[in-house]
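Each of the next two complexes has subunit A plus one other chain: subunit B in the first, subunit C in the second.
For the complex of A and B:
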C-alpha cells in the first residue's frame, strides 16, 4: 500500500528484514567455520589412521628390533643365561676376529662383481628388447624374468645340480665341447667355490632389474633416437649417450639395492656351500647367523655386534654410491 | 552429512582393526591360550555333584581338568608317523589332555627362538632334545639356569603296559647310560641312534670285501681294496663335516682312550672341556687317522660340495662303498633305495688287536625336555606322555615306522618283535652282538663354554676337516691353533 502510495518500505519492517538477513548470514558463517574445523579434524584423523598402521609396523618390527640389537651388542648373552653387560667387549673382540675379516673380504668380492654384472646384463637385455622389435619379444621377456619368480632355495638347488661333479650339467657341457675335466666339483674346491657362487646370484637377480630398466627405457621419447639416427649415431652411441644417461637415477637406485642386498644376503651361500669349503665362501651374514643360531654357543650379544658392523658398512656403501653416482635426473 | 558419517565409520573400522592387532600381540591376554595356567581349567561337565575329584587310576592325575601340552617334535629321518600314533593313543586314553604338536626338521631354530623370547606362556611344554649342532652347550645352559625339569624319577615309574615293572627295570640299565647335564638326567632316550659306517652287503659280498675289519690295519687294507676297485671307500656330506664324526669322531677318541687305559680321565676331560682338548692324545690320534685315510683317497673328490642326500645317494647308487651316518638312513632314504640293497653296518676299529674295544656314537636325539616354568599339572602330564613313549605298541612303531632302535628290553628280547626292525637297525644290532662294542655320547657335556673363542676353535677344526680328509692339510697345526683358542675360552670362564 505504501508502495502504491509512492512511499518507500516501512522503516521498521526494513530494519527487521535486514536484522534477520544479517543473523542468517552470521549463523551461516558460524556454521560454515564449524564445518571447516570438523573437516580439518577429519583430515587429521584420516591421515593418522593412514599413517599409524604403517608407522606402527615400522616402529614395532624394524626400529624396535634394531634398537634392541644395539642394546644386545653390549651384552654377553646366549638367550638362556642372565644378560651380562660387557660394554664394548664384543666390538673389541669382533675387530680381532679373523673370521669377520675373512667374511667381509668375501662380501667385498661379491659386492664388486655381482651388482655390476647384474646391471650390465639387465641393461643390455633391456636395450635389446626395447630397441629392436623382435618376433619373440614377449616370450623373451617371460624367459628373462622367469628366474625372479623362483625362490632363492630353488635357484640354489638348481645351480648345485649344474655344478655337481658327477651328474652336473656344467661338466657334461664342457665334455661335449671337448673339455673333459672329470668329476670336478666346482663348489667343493676352495679355488673355484667363491666364483661358482656368483652366477646363481646374477642369474636370479637379472630378471627383476631387466624389467625395471626396460620400463624406464620405454619412457624415453623415440624422437631422441630418431634425431640421433639422423646424426649418424650407432647403437652403442645411443645406449651410452641417450639411454643410460636418461635412466641413470634408476640405475643408481638399482645399484644401491643390489649392493645392500648382496651384502645382507646369505641364503644362497648357505644352501650352495654352507660357507665352505674350509670357509672359502663364508660371508658376514652367514657368520652372524651361525653365531646366533648355528652350531656355536649362540652368542646373541656377539652376533648383534656383528649386525652393528653390517649396518655401518651398509650405510658406508650407500654414501659411496651417492658420492660417485650423482643424482642427475633428466626431463624429457 | 552422509559423507561425514561415512568418514567416521571408516575411522572406527580402522581403530578397531588396530585394537584387534594390539589384542593379538598382547602377552597371554586370552584365556585358554596354549599351556598357560588357564588352560588347565576344570571341566565343569565332568563328574557333576561328585565332591571327590575323579582321577586316573594309573597316574593319579585328574580326569576333569583339561590340559593342552605344546609339543615341539623334531621331524628328522625318523619321520612323524610313529609320534602321531603315540599322540593319538595317548589322547584316546586321556581325553582331557590335548597335545598341540609343532613338527619341523628345523625344530631347533623354533625352540631356540622361543627360549630367547623368554615368554613362558608361549614356550613349549615338551620339546625335542635336539637343539642344533651344539645341543650340548644349549642343554647344559638350560639345565644350569633351571629351565628344564629333571626326569630321573621316571625310572622308578611303573610302565603303563609293563606288568608292574618300572621303566628302569624294562630298559636294560638305560638309566646308567643316559647322559647327564651337570650330573642330572633331563631327557630320557626312548630310542637309540647309533652311528657308524653303513654299506651295501650285497656289493661287499660281490666284491669279496671284508665286512668286519677288526683292526686299524685291516680297515686301511679294506680302504685300499675298495679304492683299487675305483669306488669311493667312505662318503660323507662335506657341507656338514660333522657327519664324518659319526664314524670317525669322539667315539673313536673314546676307543683310543679305552684301549690305552685312559677312559676315565678322557671321559672327565671331554665332558668338562679340560685342556689339552684338541691336542689330547686321543684327538690327535683320530685326526691323524682321518689324514691318513685322506692321503689314501678314502673320501670323495669335492666332498665339501656334497649335501647329506647327495652323499647317501652315492652309497645307494654304488659309487661309494660306505657312508658315515646313523641307523635312520634307511627310513630317511626309503624312497630311493634300489631293489636288492642289503644294509650292513661296521665301526672303524682303532686298535691293533682284534679284541680291542670299538665305540659307536649313541645320540640322545630321542629324548625330550620339559620346560620348568609351566603349570605343575602340565609338567605332570608331560612326564606321563614321555612315559607313554615306552609302551610296547609305541616302541613297535619306533622300530617299524621310524626305522630306529627301541629301548624296551622285552621288545628286543622278543624275536617276533625284534623282527619288525628295519634292515639298517637290524644290521647295527647284528654288529653289536658279534663284536666287542661300547657306546659313547659325544653330544652331552657337563660344562658349556660361552666365550667366543670356543666357537672359533670348533669352527677352525670343522672347517679343516674336509681338507684333512682330502689329505691336503696336516691336522696338527690346526689342532694346535684350536687348542690355543680354546684355552682362552676356558681361562675366561674360570
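For the complex of A and C:
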C-alpha cells in the first residue's frame, strides 16, 4: 500500500484528452445535443449540492477560525468587553510569563519520556508476537490494541482509580509484595504527579504502534532470521540487528508523530490532575485552555497568542516530518 | 525451525503476560468493584462482592445522569455519523472521480487541514459558535462535527472509489441515467465496505469525543457520556460514592467493548491504514 496514494494526481482523472474526446463523440451521437446540455446542468447541480455543506462547513468551522486566531492574538479581549487592539503585547507578555516556560518544560519532559517508552514497548511486543508462534497470538493482538479504542476520559478515570491513595490498585498491589507506603496519593504529590501521568498515556498508545510495527515486521522475509539463527544469533541480536534497522523509517515517523501528539495533547492531564498539584503537571495546551475556558477571568487574546505559539511549533515540526518521510513514504 | 527454550524466552513470555494483565486486570477489577457496596469496597479492595449489587448500575444510570447522557450521545453520534458519512462519500466521489474546474484547488485546500493543529483555533471557533447561537446545544455540536471535510476520511474513501472501473459509470450514462442515479445506484452500493469503515471510525471518534462537548455544552441535561462521566468523577471527590462511579465507567465502556469485539478486524486494519496516510 503506497502512502502517496490519494495525495497525488489521480490516474483515472489524468486520462488523455483523446480518450475523453472519443467518449464525448460517442455520447453526442447517442444522446444528441439537448441531452448533453441537460447532463452538464445536472452535473453542476450535483457538485454544488455535494460540496457546499461539507466544504462550506470546512471553510467556516476550520479555515476561518484558524485565520481569526491570528487576529485575536493581537487583541486584549475577554469575549464580552469591546475588543482592544494591543499589537504584539500578548506575545511580549507570553515570553515573560514563567507559567508558559514551566508548562513548556513539562511538555519537554513528556516528549522525551512517552515516545521512547511507547516505541520500545510496542517494538518488543510486536517482535515477540511475529517471531514466535504463541498459542493465541491473535488474541494477544486483539487485547493489546484494545486501549486504543477507549476514550481519554475512560483511560484517565481508570488510572485515577489505580493511583488513588486510599483505595487505589497500585498501593494495594504494592502492599501485597511487601511495600507499604501508606496512603500515598501519586497524583496529589508534587514530586510524583508528573511521573504518574506518563504511564496512562503510554498504556493508551502502545496498542496502535504495536499493530503498525507488527504489520511492518511481517513484511521482513523469514529467511533473514533463519540465516541469523544458523549463525547463532539470539533474539536480542535479531531484534537490534535485523528487525529494527529494517523498519527504521517507520520507527522514525512513529517517533515524530508521537512527539507531536504529546506536545499538543492535554485532555488526559486535564482529567487526571488539571495541571495540579500547584501547576506541577501543567502543559502548554492545558494552560491555554484554562486561560480561555477555565474558571475565573477569561482572556481570549492571550489564549490565542499561546495558540499561535503552538501553531508555529506544530507546523514547523510537520514540515520537518514531511521532509523526513518524503524519501521513503513509509510503506507499511 | 524449532528453537530451544531458555531463560530469555521465559522473560519474554513473562513480559507479554504482564502487559496483557496490565490491560485486562484494571478493567476486570473495576467491573467487580462496581458490583460491591461502598462498605465492602472500603474494607478490602481485593475481595469479590458477596452479593451482586446491580443496583449500582441503576443508581449510575439515574443518579449520575448516565441514562440521559447516553440518550444525548446516541442523538449526537447518530446524526453526526449519518450526515458526516454521507457528505464524506459524496465529496470523495466529486473530488476524485469528477472533472471540473477548481477541483485540484479544493483538494489542496482540504489537504491543508493536515497541517493545522486545530488547538489554536479553539477560541475563535467558540466565539463563532456563540455568535451563531450554536453553543449549549447538541444540534449545534452535530452541525460542527458533521459539516466539514476530513482529509483522512476522504483519502480513505477516495482510494476505494478509484478502484472501481470507470466503465460502470459510463454504462450507466449510456442507459440514460443521471449523475444522481449513477452515484446513488452504482457508486454508493459498490463502495459500501469503505463507507462502513468510515462510519465505524466516525462512531468511535464521536463517542469518545470529549473536548468539544465539554467546551460547548453547559447544561447538565445535555451532557454527552464523556462529559457526564468527567463531571461525575469531580463530584465523587465530595461524595465518596465509588461503586456507583465504577458502574458508570462500566456503562461507558460497554458500547466500546461491544463494538470492538464485533468489528476488531476492520478497526485494526482501518486504524493502521490511517497512519500510513494521515
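The criterion applied here is as follows: the second predicted complex is superposed on the first by the 248 of 332 C-alpha atoms of A that agree within 3 Å, B and C clash if a C-alpha of one lies under 4 Å from a C-alpha of the other, contacts with A are read in each partner's own complex, and residues count from 1 in each chain.
Keep in mind that, in the parts below, a contact is a pair of C-beta atoms (placed from the backbone, for glycine too) under 8 Å apart; a residue touches a chain by one contact, two chains touch by 3 or more.
Keep in mind that what you see is a predicted model, and the values were worked out from it rather than measured.
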Partner chain in contact with A:145 - subunit B first, subunit C second, else both or neither: second
Touching partner for A:113 - first (subunit B), second (subunit C), both, neither: neither
Residue contacts with subunit A in the superposition, subunit B compared against subunit C: C
Which superposed partner A:215 touches (first subunit B, second subunit C, both, neither): second
Partner chain in contact with A:63 - subunit B first, subunit C second, else both or neither: second
Which superposed partner A:277 touches (first subunit B, second subunit C, both, neither): first
Partner chain in contact with A:310 - subunit B first, subunit C second, else both or neither: second
Which of subunit B and subunit C A:188 touches, first, second, both or neither: first
Touching partner for A:162 - first (subunit B), second (subunit C), both, neither: second
On subunit A, the residue positions that both subunit B and subunit C contact, one per complex: 42, 46, 53, 56, 79, 160, 293, 300
Residue numbers on subunit A that touch subunit C, as the complex places them: 1, 3, 5-7, 10-13, 23, 27, 30-31, 39, 42-43, 46-47, 50-51, 53-58, 60-66, 68-69, 72, 79, 121, 124-125, 128-129, 134, 140-154, 157-162, 167-169, 172, 203, 206, 208, 211-212, 215, 226, 229, 234-236, 257, 264, 267, 271, 285, 288-289, 292-293, 300, 303-304, 307-308, 310-311, 314-315, 318, 330-332
Subunit C residues within the subunit A interface of the complex: 1, 3, 8-9, 12-13, 15-16, 19-20, 22-24, 26-27, 29-30, 41-42, 45-46, 87-88, 90-91, 93-94, 96-100, 106, 109-128, 143-144, 146-149, 154-155, 158-159, 162, 166, 170, 173-174, 176, 178-180, 183, 204, 207-211, 215, 226, 229-230, 233, 242, 245-246, 249, 252-253, 256, 259-260, 264, 267-268, 271-273, 275-277
Residues of subunit B that touch subunit A when the two form their complex: 4, 7-8, 10-11, 14-15, 17-18, 21, 109, 112, 115-116, 132-134, 137-138, 141-142, 144-145, 147, 238-242, 301-307, 310, 319, 448-450, 452, 454-456, 458-459, 462-464, 466-467
Complex contacts: residues of subunit A adjacent to subunit B: 38, 42, 45-46, 49, 52-53, 56, 76, 78-82, 93, 97, 99, 160, 163-166, 183-189, 193, 273-274, 276-279, 291, 293-300, 302
